[in-house]
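First comes the structure, then the notes that go with it.
Each chain gets a letter, A, B, C and D, in the order it is written, and its residues are counted from 1.
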Amino acid sequence: MNNNRMKIGTIIAVLVVLSVLPFLLDSYLIHILNQIGIWVILTASLNLMVGYTGQLSFAHVGLFAVGAYTSAILTTSAGFSFWTSFPIAAIVAGVLGFIIGLPVLRFKTHFFAIVTLGFGEIIRLTIYNWRDLTGGPNGIYNIPFPTNILGLDFALREHFYYLILISAVLVVLFVKLLIGSRTGKAMIAIRENENFALFVGINTWKVKIFAFTLSAALAGFAGSLYASYNSYISPYSFTVSESVSILLMVIIGGMGTIIGPILGTTFLIFLPELLRSVSEWRMVIYGGLLVLTIMFMRDGILGLIKSFVRKKKHHSEKNLLSTGKEEAAIAGSERN
Amino acid sequence: MKKVKLGLVIFVLSVFAALAGCSKGSEETSGKSGGSVETVEIGVVLATSGPIAQTGTWVLDGHKAAEKEINDNGGFKVGDKTYKVKIVQYDSEGRAESATAATEKLINQDKVPVILGTSISSETAAMIPIAQRAKTPLITFVAASDILTAQGASFFSQAAPANKNYVEAGTKTMKDMEMKNIAFIYVDDAWGQSYGKLYPPAMEEKGLKIVATEKFAPEQKEFMTMLNKVKAKNPDGIVLAAETELAVPLLKQLHEVMPDVKIMESGGSIPEELIKVAPDAVNGLVTLSRAGAVTPEITKFQELFAKSNSYKANSFNYSGYDGIHFIVDAMQRAGTVTDKEKINKAIRDAKYKGLIGTYSFNEKGENSLVGNRAIIKDGKVIYQTVNEPLPK
Amino acid sequence: MGDQIIQSILDGLVSGSIYGLMAIGFTLVFGIMHVINLAHGELYMLGAFTTFIMVGVYQINFFVAILAAMLIVGGLGFLIERYIFRPLRNTAMLNTLLASIGLSIFISNLVLKIAGTGMRSIPTPFSDKSFTIIGATISTHRLMVLLLTALLVAVLFWVIKFTKFGRSLRATSQDQDASALMGVNINLTYGLVFAISAGMAAMAGGLIGSLYVVDPTMGLGPGLKAFIIVILGGMGSVVGAIVGAFVMGYAETFTSLFWAASYQDLVGYILLILVLLLKPNGLFGGAKR
Amino acid sequence: MLEVKGISRFFKGLVALDDVTFTVKQGDILGIIGPNGAGKSTLFNCITCFFPPSKGEVYFEGKKITGLNPFQITELGLTRTFQHTQVFPKLSVYENITTGQYVMKRKDPSRTKRQLEQKAHEIMEFVGVSEYKDTTAENLSLGYQTRLAIGIALATEPKLFLLDEPAAGMNPEETKQLVHLLREIRTKLGVTIILIEHDMKAVMGLCDKIVVLEYGKKIAEGTPQEIQENPRVIEAYLGSEALA
């Protein structure tokens, strides 16, 4: 039981460090952390689908865009404040997720991927061409910051940091609780073996629709944060290459875990920033690294760290137990 | 186990390479105060990768030519001190997230006094709120969409010839080319759409009839159906609005469908580039252009540019060159290289004669650069202002 | 309006065959190797660049240049399969998909760095003369694209249906282990399949590159379009890829005829989703594993 | 307990099942035997609504279940295993069992978390996989995986349990243990069992009643004794030594 307490200890330590950061770093690094925070919420929502329910979705950037545009339109032309517009943005994205989910969730693996990619692009192209509502390619500018509450002035990056930090922590916690719950078990069962899950008494259709709608709402919420934070949005930031990069963040970090996508998001947002000064070769290194990561670190950064830890633990265990139980099980299993 | 060890090595290697890259960056800024002549860092954000990397690279080459020229003759004087120019450029990859991150890095880590904005309107629009909040002057010499000045940011100035100023020159050129029934074809992006809005009323006013209007998607390459549809309306003139990368396939196919129709392009394409890639399809084409008649300064710049670049200078290089000199002039008039507010005021009050015209701004940051035109005749480009008659 | 319809039918035929050239290579790799190769667009771009270097710089005959480009890029395809896709062969399809994304970013940016952003155009060997068939005009070059695509499809069908190698391809696509037992050298077969697919992409690049423009990022659009067409036509079926290509070609042609050119992509995606809703495995897709 | 009435199933002209009728009493073990391709698995798939029968109906405890979804039937207390053993590969044995308990919340909402955990451990003990509690299912041997599959099914606390060739690929020793386990399921848990199996020794020793299928038709029904002497059955199996 001690590693549980150790785990909670590290989490609290990390949170304390995170809450102190704004006082130590300049606002460029804070801006990067804010971007990471927003993307953590988006990748957490995507992880619900890819990591836990095993459905590879390319629509999440479209739902992220719906959330961003709903909140932007409400706050600019309808005069709503951020605090009333972000729940609406999440609901609108969730409802759209439900509507898209109905036809889409019938498909499996690569068909599901391509159909969600199609819907993602349909959302982007509709935003692009619906000029009088969304401003078309010009986008929407002068999106106001959230009105000040609790003495925080959100025009300052450092204060907005806390709003994003709290939202990210809440979302990650929510995902953790959901996965621990009964529905979470059903989602994991669907990922592991969808047909068999049907026979264990899981209404796979209902669970998938629930997961997709929920993750759509979370993506919408991330979108509303993104719009208010950047105060300018345009269809150019919701393209297919964006949905590819958030998918990479989830998978390279280690999908189907809570910490994996967070590591992946941090790694894939910090890496291009760190490589900024090597600007000519930056994208070449980025592409090359992706290929190497997929080939050698298949369960992602987290998998790498875990195997590193397990290797250390394994050595210590071996000399303790003469006939390790684990070895018996492995010896027993003559399957492939 | 072997694989995991290898994976570990790669992972460590990549982080190490990244950190090395980062440290190289920061150690540079610390060298600021050393040496007899101080260095002034000018922030530049341009898309040098991604789909529209071409324009960004041209502008950057223009910036570098000016930087080399200033530093070769000992830097520039402000008050009693002389300064060398150092360009700190970050690639925005054609994505708003990358552009905003680069802007934050320039303002907060490199602490540059001024930033030259990007070649793409949607990126620049995302950077304006950041520059405004950090009270750092941001100026673009390329992004021409009118949404940039519509944000009303006091620290943003648009030194690129805005579409509004070009409409005048455009309608006059259409008249000069004796076009009656015009087919108007424009790219459906932020830049193209502002023409889509501005041209029709202006053309109607001048009695020019629009027989067909077509818009096409930025990544589109196949235009045959659209051109045949336009051909059915048998226009005697075609007005295009398309960046160079998109204009080439369009012009090649236009040459197939309507070989001898008069064509005018409203300033998105570079004539020299069109000749190089599609010589026979563009003969007789007139494009609006930033650069007017070839002034002595332009010839001097072309010689300077030829020394360090393998291709012939074009008007995006001119704008890049003007950009650095304009900032240096503004700093000299402001009498400071660090006080951002004073520099911004000097920028807004500028009356600087550059290669492509005189830069001056109104209170909204819009400039008064007037469009010129360039005519492609038998493989050569003739630049002129719109008042001169078209060469026969 | 009448002759415009005929003209559009001809234009649709041309853009259909252009998409066909791209999609066939893609579906071969998926049908036989069950690998989704999103770097297919970059092989198309490399084909265009090789053809440009040979024709534009060294003035080699256009057709020789295309053949050479097919061989060079085909060889590269063989190496890519050997060193990147073979280690990932028995892992989840997700890995090969993601590895191909990394590869696509790597190749397009490498060429961007080496060749610079400049645009180039391959001088077309075909005369400017255009033919008029029942009221619709088509340039020699586009006619050549039509004919070469038809030729390529015919050759491919002949290879798959009648040659020993063709049979081993079909066997491997059904059941990799069984055909290995039958003495089919799986590694060689997969390597050759990837090489053929890369070669076809290179041919498309050279042929279509001279119609449009050659630059490092030209592969992004066609790569994604090929993926959509293959899914539309039915994963892994060559007939499906060809039919899917013409369906997409005509959808876009008639969209720009009756609506506006800028809505082409939107209609393409809506069409894809409608077809998949009605026939989940695509028009000709067999229920793969 | 279960009434199968006139079940037929056609696949594009091929008659997989032709008018099969039989009933199963509470607490019985019914064996279904027949040469390969006799339609045994198809019959199972029709009963458990994996796909609907072309004709005929199935009643479970008097209630018509044809046309329902598989997960609804599990709720009613009817569950099954598959010819190719189905488990949740990357989950540990314990997680596999707890996933099986998903349906319990609806069947018995009053059940607390503690009780469910307790039940899970009992089941693992019962099917003899508790030593590998934390091993992932895919690392287990075929024998242990089959036991786990049975454990998952028991976790749904069924009243009727259908097993599709559980002993396939097992050595005699493992088969003996399996028969022992099936007997205990009936006696200790009071679960009615329907078993498809080729191993005649196991079937004859275990089942109260046997149904024999051939080319989709029911050719015989009765006690193991009657079946062994029934000429139709002998002829169907051409006197293979299995009947001896």
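Before moving on, here are some points about what is shown:
Assume contacts are C-beta pairs under 8 Å (C-beta built on N, C-alpha and C of every residue); 3 or more make two chains touch, one makes a residue touch a chain.
Keep in mind that this is a model prediction, so the values were computed, not measured.
Among the chains present, the centre nearest to the common Cα mean is that of A.
One finds 33 Å separating the Cα centroids of chain A and chain C. Computed from the mean C-alpha positions, the centre of chain C lies at a distance of 50 Å from the centre of chain D. Chain centres here are Cα averages; for chain B and chain C they lie 35 Å apart.
Rounded to a whole number, the gap between the C-alpha centres of chain A and chain D is 42 angstrom. Shown for chain C are the residues in touch with two or more other chains, namely 109, 112, 262-263, 265. The multi-chain contact residues of chain B, meaning those touching 2 or more other chains, are 48-49, 188.
Among the residues of chain D, none is found touching two or more other chains.
Under the contact rule defined at the top, the touching pairs of chains are A-B, A-C, A-D, B-C.
Within the complex formed with chain A, the residues of chain D that make contact are 48, 69-71, 74-75, 79-80, 82, 86-91, 95, 98-100, 102-103, 105-106, 131-132, 135, 138-142, 144-145, 152, 155-156.
Put simply, chain C touches chain B in their complex at residues 1, 4, 7-8, 11-12, 14-15, 18, 109, 112, 116-121, 128, 130, 137, 139, 142, 211-213, 215-217, 220-221, 252-253, 256-257, 260-265. In the complex of the two chains, the chain A residues touching chain B come out as 26-29, 31-32, 35, 128-129, 131, 135-139, 141-142, 155, 230-234, 236-237, 270-279, 282-283, 285, 289, 292-293, 296-297, 301, 304, 307-308, 311. Chain B meets chain C in the complex at residues 48-51, 53-54, 57, 188, 214-217, 219-226, 228-229, 232, 244-245, 248-249, 252, 256-257, 273, 276-278, 280, 311. Residue ranges of chain A in contact with chain D, taken from their complex: 182, 185-186, 188-189, 192-193, 195-204, 325-326, 329-330, 332-335.
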